[in-house]
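First, the structure itself, so that you have it in front of you.
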Amino acid sequence: MTPGYDSFALMAVVMARAFRDGEVVVMGAQPALPLAACRVARALHAPNLWYIVGGSGTVNPDPAVAPDSSCDARLAPAACALPLTDIVLLEGRGDTLDVFCAGGLQIDAYGNCNLICVGEWSRPTLRGPGTVGLPFLPAVRRSVIYTMAHTRRTFVKRVDFISGPGHPAAHGEERPYRQQGPSLVVTPMATMDFDPETRRMRLASVHPGVTATDVLKVTGFALGMPAAVPETPPPTDAELAALRRVRPRGAAGP
Amino acid sequence: MPARFLSPREAIAEFVSPGLTLGIGGMHMTAAPMSLVRELVRGGVRAGRLITSPSASMQADLLIGAGLVDEIISPYVGFEHLGLAPCFRRAAETGGRPRILECDEGSLSHALYAGAGGIPFMPCPPGIDLTDIPRVNPEMFRRTGDPFTGEERWAVCALRPDVALIACRETDPLGTVAFGRFPFTDRHLALAAKSLVVQVERMVTTAEMSARSPGETLPGFLVSAVVVAPGGCYPTASPGLYHADEDEIRAYLKAAKDPEGFAGYAAGLDATEDAYLERVAERPGVKDAR
Amino acid sequence: MPARFLSPREAIAEFVSPGLTLGIGGMHMTAAPMSLVRELVRGGVRAGRLITSPSASMQADLLIGAGLVDEIISPYVGFEHLGLAPCFRRAAETGGRPRILECDEGSLSHALYAGAGGIPFMPCPPGIDLTDIPRVNPEMFRRTGDPFTGEERWAVCALRPDVALIACRETDPLGTVAFGRFPFTDRHLALAAKSLVVQVERMVTTAEMSARSPGETLPGFLVSAVVVAPGGCYPTASPGLYHADEDEIRAYLKAAKDPEGFAGYAAGLDATEDAYLERVAERPGVKDAR
Amino acid sequence: MTPGYDSFALMAVVMARAFRDGEVVVMGAQPALPLAACRVARALHAPNLWYIVGGSGTVNPDPAVAPDSSCDARLAPAACALPLTDIVLLEGRGDTLDVFCAGGLQIDAYGNCNLICVGEWSRPTLRGPGTVGLPFLPAVRRSVIYTMAHTRRTFVKRVDFISGPGHPAAHGEERPYRQQGPSLVVTPMATMDFDPETRRMRLASVHPGVTATDVLKVTGFALGMPAAVPETPPPTDAELAALRRVRPRGAAGP
């Protein structure tokens, strides 16, 4: 990947394309990537996009220099801000937020996320920070999962702890809020979506310079494989220009 | 009674007995009441239970590193883009203290609302049902029947800290305090606490306080003690006054990678908070706030 | 999507079908969305259920007098020092509509919090246990077991209006709205509603809106429609802009003492809200707000 | 009662005397009387008194001209204001508020208040406005009951509907918050308190010019009668001067 963009840029652009005009996107800790993506989307195809940055509760923040923390006061030049306690209410309501941007130490074939621990909870080999708002994933119309680490340690058969619920494994089972669940996974190598029948993750596109075999090698479960895997369309000049305006200095994303 | 203005040492000595349930405010690397937290470390004051905001950073990790937390209720202890929380991680991975009462942001926020309002317990919105959280935390999560639909649901217990320590931006002479830009869940935490110690950056007049909007202020009758400590959130941010000092936080994260390094860092916190704040007063941002 | 700016008539026509559960904001004689309420009266739009703030006045009594409320959930319908609510009283004392679902301020506030948060039901703090309220309102109050203590407690159901009509002070071009001085429970009501129509006094820039503190604003994505109606709270107050016109309210109370008098008052509301506001624009206070 | 004060003045002063320095007082709809009383108390013997005016949530409002409504924006020159939803929380907490000022269409011997209806609830002869926050009376350290109507219709044997709980009638029964319950009743004729044993209302003092027999005549239950009934001390000059500064124009109180 040597052309005029890096993984962060490509991932931000791919996420931006997934946001539709008028939607409401919510993101949590370490928001660099989804924040950049929302701002790119708003600048290009989704001028009426709304986005909420986690802890600070800022709505549509548009800072001159994007900070890295979700609670940084430099997010304050925003359309407005909601108290975090109100965001918790809106998440639980289940009919207001369209996209939840989430990640995990582990992500499995059904899109379950785990931010809590690798190994047994009572004595983990790796203790993560904790789950914050991820139990609300099923309450939002759909979720977009992203990670900078496309490895077999991250993409596992079954997460050791469900902290952000994905699709139900059982056939026909419905999630309580009857939403779409995980719809897109974005990594530095590829994008994945979910088979509407089996609800298992499948490869959707490989980024320029990456092959399907490369992706399979670093994925710890049998990733669904369509007959033909398209290449992720690289960022356009317009996308890169929009991104340049909003990218945090030196951010590599989560 | 008129608000009591105390030094960090006096406030901790008077309101935080060892073994209490402590609520500590601040979210991610913003508005952590670090002057009060450092004083807990200096005094070796143990929290029987620590309740944080939905996302704690140094205010939790420092206390955990010093061995001062028996149990913790926190949906997140970490440092966002700067990395994981070294002491919290080490404790969990080696089976040391604190015992973790696994919890998420929504349940915590609702549990504090319940605690603040005398509501005995709080039925959870769906979502938590699909996670492993209630399974590992039967102390906080129980099944309950919805008397209107007959459905079984998860419920979370109400939370009431014995003392909450929070950072606000301002106080007036009556001890009424005002938050900076973001209230996070610190407002709920303050309302739920049996007593409340507030660290502030500065004093304003009662007329200035009067102009603040409802929801920004906590009246003096809720405030047990006010500690005026300009720069006291350092190295976390005081929103609108100074930013987090990421270099200092990185230095902490590096030091705290092992117990010896942590001990060195803790030993460097100076003998008094005054001395500490004097020392950091020249850091960018803090300088302007003082 | 960009907020939709509609006239009172358009907003009611589009969002309030007859028979819905309607939440209407405003507390005592302040910040009632009277432009929207008058439009309900003009259109003869019936509320299947009306949920008010903890203390309603003319916004409820006018609809009741017009026979447009099948059921009401309100902890208070009255006019403080100006007297009782004539139509509400008459309905209750003659066995007419609305059916009253007796409720108190605390239960209402918590029920809206529950509705806003997807919380299935809300256990009540003690107090309601000692009143006769749950006995006469089995639809909203049920017994439930506290899974942590085993005690039996009262619980109130969650409330979610199909549409909430509230009055705010300002909107910006994105439809983000800001409350005046006091949020009352209107914020909870708005968060609990499935759709939200907001009547405002004026338009401000997005930059001005940005400066308002969290808790004062509701982002445009929560707002289904904005109705810009300067003076639209009249004869109740728009806090900070104009006071309640007690003479006008007294005139209403006098007229509404009997059904004929009420009919006369209702007939005098003009054919359109524009005409009405034009007529009252010269009243003290309202004049300055326009 | 012809000296330089009327019922409102005497009642306001009597209530003011009942507030102790440092206490937190809460009042609801139609706050003219308790608001004046709090301001008098603060000016004289209780400089650190806190008082909250119902719906508006204003804390220690000190307006140039006192408005009659609890939600009037003219209350805004205050120490600060709390959202009403937070006041509801503090009421339920049961350990923060000291005095609740309440009233009723009916008040009975145990201090139960009724703001809902006279007669059967389903078809009342008089429908009141509703109870607002009165179910929280047992949550506050103690309550002060006031009414401008000392009549047999107001002071009844048993309220037709308990909307504001008073003392338990059963011997030894405790209220859930274990607070004092109703402690003082103020009317244009007298002050009453409650027998600590029977928890029934008893005469505490008669206002100047009123006799115990006068009070008994207009009270619809057997009011406790001490051996000697003192006269309510009339307002002092200092009290009247303080009241003059804060009294709403023409307010007769509730």
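Labels for the chains are A, B, C and D, by order of writing; each one numbers its residues from 1.
The rule is short, and it goes like this: a residue touches a chain if its C-beta (ideal position, glycine included) is under 8 Å from a C-beta of that chain, and two chains touch if they have at least 3 such contacts.
Remember, it's a predicted structure, so these values are computed and weren't measured experimentally.
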item: Partner chains that subunit B and subunit D have in common; value: C
item: Chain pair showing more contacts of the two, A-C and C-D; value: C-D
item: Separation of subunit A from subunit D, taking each centre as the mean of its C-alpha atoms, in whole Å; value: 57
item: Length of the line joining the C-alpha centres of subunit A and subunit C, rounded to whole Å; value: 39
item: Centre-of-Cα separation between subunit B and subunit A, whole angstrom; value: 28
item: Shared interface positions of subunit B, touching two or more other chains; value: 106, 110, 113, 117-119, 125-126, 181-183, 187, 212-215
item: Interface hub residues of subunit D, defined as touching at least two other chains; value: 57, 76, 81, 83, 88, 91-92, 94, 139
item: Touch-based graph of the chains, sorted into line, ring, star, complete or other; value: other
item: All pairs of touching chains, each written as two labels joined by a dash; value: A-B, A-C, B-C, B-D, C-D
item: Contact set on subunit C toward subunit B in their complex; value: 106, 110, 113-114, 117-126, 142-149, 151, 153, 155, 157, 181-183, 212-216
item: Subunit B to subunit A touching residues, read off their complex; value: 27-31, 54-55, 74-78, 80-81, 84-85, 88-89, 92-93, 95, 102-107, 109-110, 113, 125-133, 136, 180-185, 187-188, 215, 237, 239-240, 243-244
item: In the complex with subunit C, residue positions of subunit D that touch it; value: 29-30, 32, 55-57, 68-74, 76, 81, 83-85, 88, 91-92, 94, 115-117, 121-139, 161-165, 175-177, 251, 254
item: Touching residues on subunit B, where the partner in the complex is subunit D; value: 1-2, 113, 116-119, 172, 174, 176, 178, 187, 191, 194, 206, 209-210, 212-215, 217-222
item: Touching residues on subunit A, where the partner in the complex is subunit C; value: 21-22, 24, 48, 50, 52, 57, 59, 76-83, 86, 88-96, 139
